[in-house]
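Just so it is clear, A, B, C and D label the chains in written order, and each chain counts residues from 1 on its own.
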Amino acid sequence: MKKIDVCVLGATGTLGKEYLKLLSRHPFLKLRSVTGYTSVGKKLCEAIGTGEETEDLPAEVADLEVQPTQPKSVDADLVFSPLPNEVARRTEEEFAAADFKVITDAAPHRMDSDVPLIVPEVNPEQLGLLETQRKRGWNGFIAATPNCTTVGITLALKPLEPFGINYVVATTMQAVSGAGYPGVPSLDIIDNVYPYISGEEEKIAAETNKILGRNADPISFAVTATRVPVLNGHTVSLHVGLKEEVTEESITEEMRAFRGKPQTLGLPTAPEKPLIVFTDKTRPQPRLDREAGSVPGMAVTIGRIRRGILDNCVQFIEVSNNTMRGGAGGAVLTAELMAVEGLI
Amino acid sequence: MKKIDVCVLGATGTLGKEYLKLLSRHPFLKLRSVTGYTSVGKKLCEAIGTGEETEDLPAEVADLEVQPTQPKSVDADLVFSPLPNEVARRTEEEFAAADFKVITDAAPHRMDSDVPLIVPEVNPEQLGLLETQRKRGWNGFIAATPNCTTVGITLALKPLEPFGINYVVATTMQAVSGAGYPGVPSLDIIDNVYPYISGEEEKIAAETNKILGRNADPISFAVTATRVPVLNGHTVSLHVGLKEEVTEESITEEMRAFRGKPQTLGLPTAPEKPLIVFTDKTRPQPRLDREAGSVPGMAVTIGRIRRGILDNCVQFIEVSNNTMRGGAGGAVLTAELMAVEGLI
Amino acid sequence: MKKIDVCVLGATGTLGKEYLKLLSRHPFLKLRSVTGYTSVGKKLCEAIGTGEETEDLPAEVADLEVQPTQPKSVDADLVFSPLPNEVARRTEEEFAAADFKVITDAAPHRMDSDVPLIVPEVNPEQLGLLETQRKRGWNGFIAATPNCTTVGITLALKPLEPFGINYVVATTMQAVSGAGYPGVPSLDIIDNVYPYISGEEEKIAAETNKILGRNADPISFAVTATRVPVLNGHTVSLHVGLKEEVTEESITEEMRAFRGKPQTLGLPTAPEKPLIVFTDKTRPQPRLDREAGSVPGMAVTIGRIRRGILDNCVQFIEVSNNTMRGGAGGAVLTAELMAVEGLI
Amino acid sequence: MKKIDVCVLGATGTLGKEYLKLLSRHPFLKLRSVTGYTSVGKKLCEAIGTGEETEDLPAEVADLEVQPTQPKSVDADLVFSPLPNEVARRTEEEFAAADFKVITDAAPHRMDSDVPLIVPEVNPEQLGLLETQRKRGWNGFIAATPNCTTVGITLALKPLEPFGINYVVATTMQAVSGAGYPGVPSLDIIDNVYPYISGEEEKIAAETNKILGRNADPISFAVTATRVPVLNGHTVSLHVGLKEEVTEESITEEMRAFRGKPQTLGLPTAPEKPLIVFTDKTRPQPRLDREAGSVPGMAVTIGRIRRGILDNCVQFIEVSNNTMRGGAGGAVLTAELMAVEGLI
């Protein structure tokens, strides 16, 4: 692979730091530039905190100078945008208009009809929307990755498509890292379940339908999104209505056999198996399984598969790493896919 | 009311201590006797721990001598049994055979066809089973209270009966106190969700159908029971399929208007309103709402009521205090009801 | 007692709400006015949140209209100020200059030489400083209560004064509620100990010396202040160097016998015993003991008293409720003392 | 290095599993045998749990058959004993008498005068006691590693020896994993600090003096040992009295420069730097720093170094990984040292 120069916008934030770890030693994505806001002009190692000996960025990354978050300050082929939603829309459009290829974790462009919303194992073909997007007159483009909870759900649902998915009743138990930093106040979550995450339930429904190509014939979703005292790893309890009859065994088999394009292509951040299915009833658990996979944190774990009620239903629990698979790792895997496909 | 002498079996356990608090100052249930196992012969105040100044049992209770857990050592009209399931079946039968009226929190007798399984606001009429139970040849009897999670679910479902309940998809997020002491190891639950509670899902389905009188035409249940790092207060996310169309408003109204026999009779441990319904989307929360109600911990709190998917569905979240409403408080309220009905 | 009209500044904040609970049913402090910032013009019950049925403010309090935080909008004899430090200094001086008697929880004025810093059981005589303060030309005044951690420490040290206190080595394990809301991010504290609280160690040393009248001959302090995943209740491990030899028994006896002026006067918010001493080695624990005392949360609990190393040392652990004893309760008790002394 | 065949006793326990991870890919310690109690006869991968895909023992380890815990069932040069204290004394003596070289994490033999108690960087010379131990008439021997909290304390104190250590006042905030599994009940520790750990304070004092060779002239210890809601990583707040005057800078320098024999010898499990010293006041934190070091979890982290009170005192906070540095990692490092020294 030819080397691709990349930049991380807002590299000093919680999610930004996840990118630094992934890109510091990447085989062909070369971190050449980082941007920030309050830390502009500092060395990256000073900007992201301690500069102490337990951190281990390579020197050429640690010594990068934090640039302003604007196109003219950045020199890169590809820009990752883990920016907060408030600033993401405008900034990403400025970068795309200035010829940058942008992959964003942020929400604003996800549902635009000409923006691909990608989970690389699930809908690589949606990258075709970039062609449509050229009508915007940009030389660059914007491709999006989904909400952190949606990623795990779409990966779990994909192998069920042959059975015909009618509806999903889901309750999420989400980790506090999903809300960024400072994020969830400790007074709201210690010894507690917080029963509401603004906008989350709607996003999960809409994004999953877009990713699975079901906009015309949408899957019905009844989602209850809650927050629990867990640092990382979103747990989702799902009850899925199907068109065809299934057995525990057939579902387990489909999930275990599932592979996507990233696996076929052998992309560096692709886990060997996107889904790991437990028969042990006490798994998955977010603390034990959030680093699952041959690329740690990139496999989604599934357990407690069993028949539901009503005709042709199946229930299971799914755990996914919300900052890796649902954040930086998902975006880097998307970049790898696009690079191999010749889109960058 | 005439005074009734009561005894608590296994009074030095976690749940036993909850009874002590409730019975120490009860208007007509007089705690005359307590039993234990390893602490037999000690004063109650020494047996239950510190004897330190922050505890406040009245002297006549604190000074009770712990008796062996056997009928001949107990002098009382009514016996509360918060015993562990392993010993409950045999012990409770011995007491019933020895003329004691037994109210049990334990599981073994709950599903016996001649044992009433009571949530006082929901199915007071099921006390009629005590008549059938006389065929066992006991002068005493056994009445049971349900699993701690079931209590909140039945109270939440009762006002929905007029709409015809078809099925329930539920995910529970249960508190660690539901497993007693020592119960859940901290290594299993800090920064974690534990995805399985042995036997719980089956109990919720079977007990709810018995309580709601639906054994012949059972409600379908798809329950996923999980444990979260919460001390007290079981949270349940419910999706309920109904026969008739409903609105958020009609459900809210029915729940707010719901009262049971304990409210009509003005029983001392009955909360004015069995159900408290929030319109604030960020409620109920177990930490904020586990002491809800005019009798703290006896009201069940409901929130996030909204239409579900599929025909005639409704979703909501329910929180109930598992040691009070789902434990000692529920049993004491049952005793009050039985006393007023002349059954004790 | 004649009634005294009181106002709470910033009544809709975390600490403000604690005052509302205490003042809603106070025998002689009548809550007549509340102020806020973003909620000005709203009814108090709407401003502080849900207005739902689990809250139980009396109607005359719930219906108060939130006023701007300025002297001309307030009608009261006494003003409680749980304001954030950034705004407290100027606002409190404006109120004092406008004839209001101000009792503040905030830090800015605590160390002023003419401002009494009061723990009612420990240094009621320091109210004499109000006389000196008249030189400021105010018709009102400012009296201060200490940092939440200092309150427990001074109460624990007071009975040791007869033995001559030389130095204190202390490690605190402080609750997240001490930092207010939103306060400590959950990502900083779940599964963690946070080893630094800015300014806290210096405050504890300086304020304790002021309260104990040791400015001229200060006790040496070596304090390490940490934050732990506890909601309420600051735990402090103390090692105290004394001039005279002591025994565990003598220390225990002095602490148990300790009473202050609030106890002598029978003030409504005074606990019967300011200090509760455990012999049970597993106590005090913040979760079990933060509501200790005949007025819940107003007693400080002590345990694990034992000889230290070096000459004449004693070690023990102290737990105190940081929002009640170390916050609203301490201020209300101070107000009660001042009322009885004729200062309001 | 020539290969050494090793066995782990009680390999299916919490600490046992830590050994499996370390020994599965060790360059010269070859795991040939594992023992257990209830799982005898099973394959190791079945015995330790799920056998699911997220575990990654190499096949030759996963397929080991669990043997009874008795000398005749074991074929190895060296035996690691992470056994519970109740069974450790007798079992370890049986193995030593049967010619096995035993390295134990358990407490029973630690304070025996002829048993070396080893922290490899601190007192490698104490291995000389094995010569004395030959008087017991065993062909094997027993060498011990200290209590998990003691390990971090001795590593932090070692570089201070040149200044003359007089006394230590310490408060520990220990992780729940230090108590094994099931260990600390969640009801005792969520939202709480548990103020007492039986025997811990005495062990820290006695073992530290033995390790530092100070039995004849012991350092005075005043230790308060508490448990906090942290999964792994013991935090200790120390106040150390020294004979000579020091500065923050001199202490920092000594700690940063500290290396031991394992570093000189380049042992595989030796971290490059045994101590990592932070100048960032918000470090060390157990969650962020428990994996510190070039061998993760083997470096002890230090922060908040500052002058104490009294003459020549220094204060600091120390965090160490209690299952790695204070458990399996410490024992494996000891084995490596002994192997290189020709003792195995």
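Criterion: contacts are C-beta pairs under 8 Å (C-beta built on N, C-alpha and C of every residue); 3 or more make two chains touch, one makes a residue touch a chain.
A quick note: this is a predicted structure, and the numbers were derived from the prediction, not measured.
*Asks:* Work out the mean Cα position per chain and let me know which chain is farthest from chain A.
*Replies:* C
*Asks:* Please tell me whether B-D or C-D has the greater number of C-beta pairs in contact.
*Replies:* Ranking B-D and C-D by C-beta contacts puts C-D first.
*Asks:* Report the inter-chain centroid distance for chain C and chain D in whole angstrom, where each centroid is the mean of the CA atoms.
*Replies:* 42
*Asks:* Please tell me the distance, in whole Å, between the geometric centres of chain B and chain C computed from their C-alpha atoms.
*Replies:* It comes to 39 Å between the two C-alpha centres.
*Asks:* Counting only Cα atoms for the centres, state how far chain B is from chain D in Å.
*Replies:* Chain B and chain D have C-alpha centres separated by 46 Å.
*Asks:* Using the touch rule from the top of the page, what residues of chain A touch 2 or more other chains?
*Replies:* Touching at least two other chains: 190-191, 229-231, 283, 287-288.
*Asks:* Mind pulling up the chain D residues that touch chain B in the complex?
*Replies:* Chain D reaches chain B through residues 14, 176-177, 181-191, 229-231.
*Asks:* Provide the residue numbers of chain B that touch chain C in the complex, in ascending order.
*Replies:* 49-50, 52-54, 190-191, 231, 273, 276, 278-280, 283, 287-289, 292-293, 299, 301
*Asks:* Considering the complex alone, what residue numbers of chain B touch chain A?
*Replies:* Chain B reaches chain A through residues 167, 169, 171, 173, 190-196, 220-222, 224, 226, 228-231, 235, 237, 239, 281-288, 303-304, 308-310, 313, 315, 317.
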